[in-house]
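Data block below; observations after.
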Amino acid sequence: MSETNKKWYSLNLNRSKKSESCGCGSNSGGCNSDKPKDGFDQIMDISMSRRTAFTKITAGLLIGAGAVSSSCSIIGSDESKEKSAMEWEEYFKGNYKLMTDEEKDKSINRLVRSYELNHGKKINISSKNAEENVLFGYAFNISKCQGYMDCVNACVEENNQDRTSEMQYIRIHEMKDGKGFNFEEADDNYYHEVPADGHFYMGTQCFHCDNPPCVEVCPVQATWKEKDGIVVIDYDWCIGCRYCMAACPYDGRRFNWKTPEVPEEEVNKNQHYLGNRLRKKGVMEKCTFCIQRSREGKNPACVEACPTGSRTFGNLLDPNSTIRWILDNKKVFRLKEDLGTEPKFWYYMD
Amino acid sequence: MTAKIKVITQFIVVCLFTISCKHSDEHKYHTVIDKIEANTVEYKGEISSDIYNETIKKVEVIDSDFKFLIPERKSQIVSYKCSECHSQPLEKLKEHKVGEKAAHWNIKLNHAGPETMNCTTCHNKNDFDHLQSLTNSSIDFNFSYKLCSQCHQKEFKDWKGGAHGKQLGGWAPPRLSNTCVNCHNPHNPKFEKRWPVRFNTTVEKERE
Amino acid sequence: MKTLKVFGSLIKDAFLEVTHGSRAYHIWMGVLTLIMLFGMYNYSIQLEQGLSATGMTDRVSWGLYISNFTFLVGVAAAAVMLVLPAYVLKNIDFKQAVLIGEGLAVSALLMCLAFVVADMGGPARLWHMIPGIGVFNFPNSMLAWDVIVLNGYLFINITIPLYILIMRYQGKTPNPKIYIPGVFLSVFWAVAIHMVTAFLYQGLQARPFWNNALLGPRFLASAFAAGPALIIIVLAIIRKFTAFKIADETIKKISMIVTVAAQINLIMLISELFKEFYAPTHHSISAVYLFFGLEGKTALLPWIWTSISLNVMATIALTFHKIRNNLNILYVLCGMLFIAIWIEKGFGLIVPGFIPGPWGKISEYTPSFVEISVTLGIWAMGAFIFTILAKTGIAVEMGQLVYKKK
């Protein structure tokens, strides 16, 4: 079967040059066996060196400008020069999906170093790729969730989300029994003793669709599906057009309307390039199944924090995993299945 | 003129089809379930949850097709063995004297009704170091789920599969799951009502 | 080399032309400049604070900027539609209108691009879209298509009039064999930009309000009404303030186009309303919000009902030849139609697409002061560019600007 199985018609220009065995189309990254190529390069076969040349030329200009500015300012030091040079190189780095491992390392070194210069503390940023034979999925037991919202707090802390705007990836909807899944009447910002009588609770977040509309619409391929099924965003590549936000039927995406603020002592320093590293204003972000944890074998923070065991995370390809048992044995369903997005987030009841 | 246009349209259509017919792995499957079924393979990767669960003492559950770990219980009970105190008859211990260590005084059984359950449904008057089943056979404290599963058959089935309860550490094998009493107090198994841990004021403002 | 010289001379002459004019002209340009500067100042605030300076939220994530963008794509497309009768049907009346139309298209397109840039979270990273050094999600992303067609359209609409003007400037007759193919292309392209922009919204299964097959055709119909309506108004102004002669016949013919388009637009509106309200489904809820309000939230009601009543009144009045042929009334009707469609394609289309959100939550959208100022600034920029283009074009057409061989 081929492309024709998709729910809408789409051309296949920039996937065409990839080899069959590689299996990483434009939607999935983490495949570095080929020489990386940009979207248009794949069509036009222009080598990557153009941007490198551009970077070098402009970096030359910057060093000139930097020299002028540092000679003018009294506090101009080697550190500030290093900082601005790093910022410049960061500005002109490529899309993570297309970087070689070496380029990834370089970028990460710059990010770690610049955090050290700015805050005097070391952080750890991983660039771990997807494992073989792993496809992540999630199940949510709506009979068990009590609406305590421990998951929400754990998520905010784990993923360094902006504290001032109260950005959260997870929403817990309080629904009335007997009304079905009536999101219109549900309350996702309740504050009373829970579980409230005659109500049940349903959590939503990014569903990591297998056929994600957000990935399809991004004009610069700043978001894509990794091989292990996690839909990720390259925060440094996103231009902030918010088309993905309009395309997501699940309210899974968040935008940094302002510079996110996380108190220094609360910063989670165990980070992943595609996960919880600190974001800047004007870029999208969302749940990554805690990629910095899940790629290491851990459960996402929400799963770990849940006191009721409503949340199950695991490898869909492993026949012995608990998530597979749920899919095979419980009456599972997903939200808005008619849209053809194929979420990897299932709900079930006891 | 019209002929020209026709040729051009045909050309465009042919172009579009050749482009779109390039196969890619990504869209080989109609649904994600197809994809999962086609690619199912037992995970034998290098990632393991062991490092996250190192500090927890474990015992293995083997029940029909299921084989997984649960936290060991006995070492977690403060004064196991029970028989160290329960060397005297219960009536004697109840005559509590000043200066003696008091235990269990705060336990109030809130589990099913008194006509269904009392202390001796699970505890054995004659062997405090073990639990006892409905048919008076002895159950080890480490395997207390056997006791619960006598009534909670459905939950037991879900728990074995992973639909009930909670996996500890990580998703990666080996699986270590909480056992019943790690989440439920056997004397008062229902989850308490409490306040949610957060309330969003900005969301409230936005929706005014 | 010679063409370059001629072009250089044209630029020089044009610069002289646009810097000289009547007092009214200078006041007009001065006011526009002030508004632009004000807009730029507010844009700098937005750059500093991020898009939190706007009224947009996670719930309604596109607002005034994208609304104006959508509307102006229509204006840009429709302006060039006039090219077809002018050049191909050899209808001499239209020729003057066309030059104005192309100028309008160029300024509308530049406004479109400005609105898109204003809406970006990271305008500094826009180079990620440049083919060759960036990554372009073509052909999957409709936004990528839009960028291509808009820039292509801009290119076409700059080159064709430039060619004609340069020829006229030298006192030569433009060679139809050179520009007619371009004109054909630009007409098809005009349809394309509008359809692609409609597809941008139409292709989102997440938003039932937009995910509707009528959106593209309705975009075209409303654009054909609003674009030429604007041209009529502009022609009327030009007629009044310059020596440029525009026959009544030209305006009347354009008004015919406006009328038919407005009627078709109204039919489509009725069709949409019928579908949403005769058999309302869960997906009609955005329409309910738009037209009647939901849970006491009624921010869009005054807008949409103003739009609909203006639209209906103007369309009915335009239908009668007698009323339409009275030019003074025609200008008013065109103004009404223009405003009606601006509301309908802007606020009336973009904002309700987001309300209620995917989980039924309603938070309303009110543009912030910064947002409105930037929007006004961009409109002033459009008017500024158009004035420059029109003034130069008219001067060349009227033979006031002629290439002098030195």
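A, B and C label the chains in the order they appear, each numbered from 1.
Here is the rule we use: contacts are C-beta pairs under 8 Å (C-beta built on N, C-alpha and C of every residue); 3 or more make two chains touch, one makes a residue touch a chain.
All of these numbers come straight from a predicted model, not from anything done at the bench.
The touch graph of these protein chains is complete, with an edge between every pair of chains. Taking the mean of all protein Cα atoms as the centre, the chain whose own Cα mean lies nearest is A. Distance from the centre of chain A peaks at C, each centre being the average of the chain's Cα atoms. Chain geometry summary: the mean Cα position of chain B and that of chain C are 59 Å apart. Measuring from the averaged C-alpha position of chain A to that of chain C gives a distance of 36 Å. If you average the CA atoms of chain A and of chain B, the two centres end up 27 Å from each other.
Counting partner chains per residue, chain A shows two or more touched chains at residues 10-11, 13, 165, 188.
Residue positions of chain C touching 2 or more other chains, listed in rising order: 57, 361. Touching two or more other chains at once are residues 207 of chain B.
Listed in rising order, the residues of chain B touching chain A in the complex are 16, 19-33, 35-36, 39-45, 47-49, 51-52, 154-155, 158, 161-167, 169-173, 175, 177-178, 183, 191, 193-204, 207. Residues 206-207 of chain B are the ones that touch chain C when the two sit in their complex. Within the complex, the chain C residues that touch chain B are 57, 59, 361-363. In the complex of the two chains, the chain A residues touching chain B come out as 1-3, 5-6, 9-13, 15-16, 18, 20, 22-25, 27-28, 131-137, 139, 141, 144, 146-150, 152-153, 165-166, 168, 172, 188-195, 210-211, 293-294, 296-299, 303, 306-309, 312-327, 329-330, 342, 344, 348, 350. Partner chain C is touched in their complex by these residues of chain A: 8, 10-11, 13-14, 26, 38-41, 43-44, 46, 50-51, 54, 91, 94-95, 98, 165, 171, 173, 182-186, 188, 204, 213, 216-222, 236-243, 245-251, 254-259, 281-284, 339-341.
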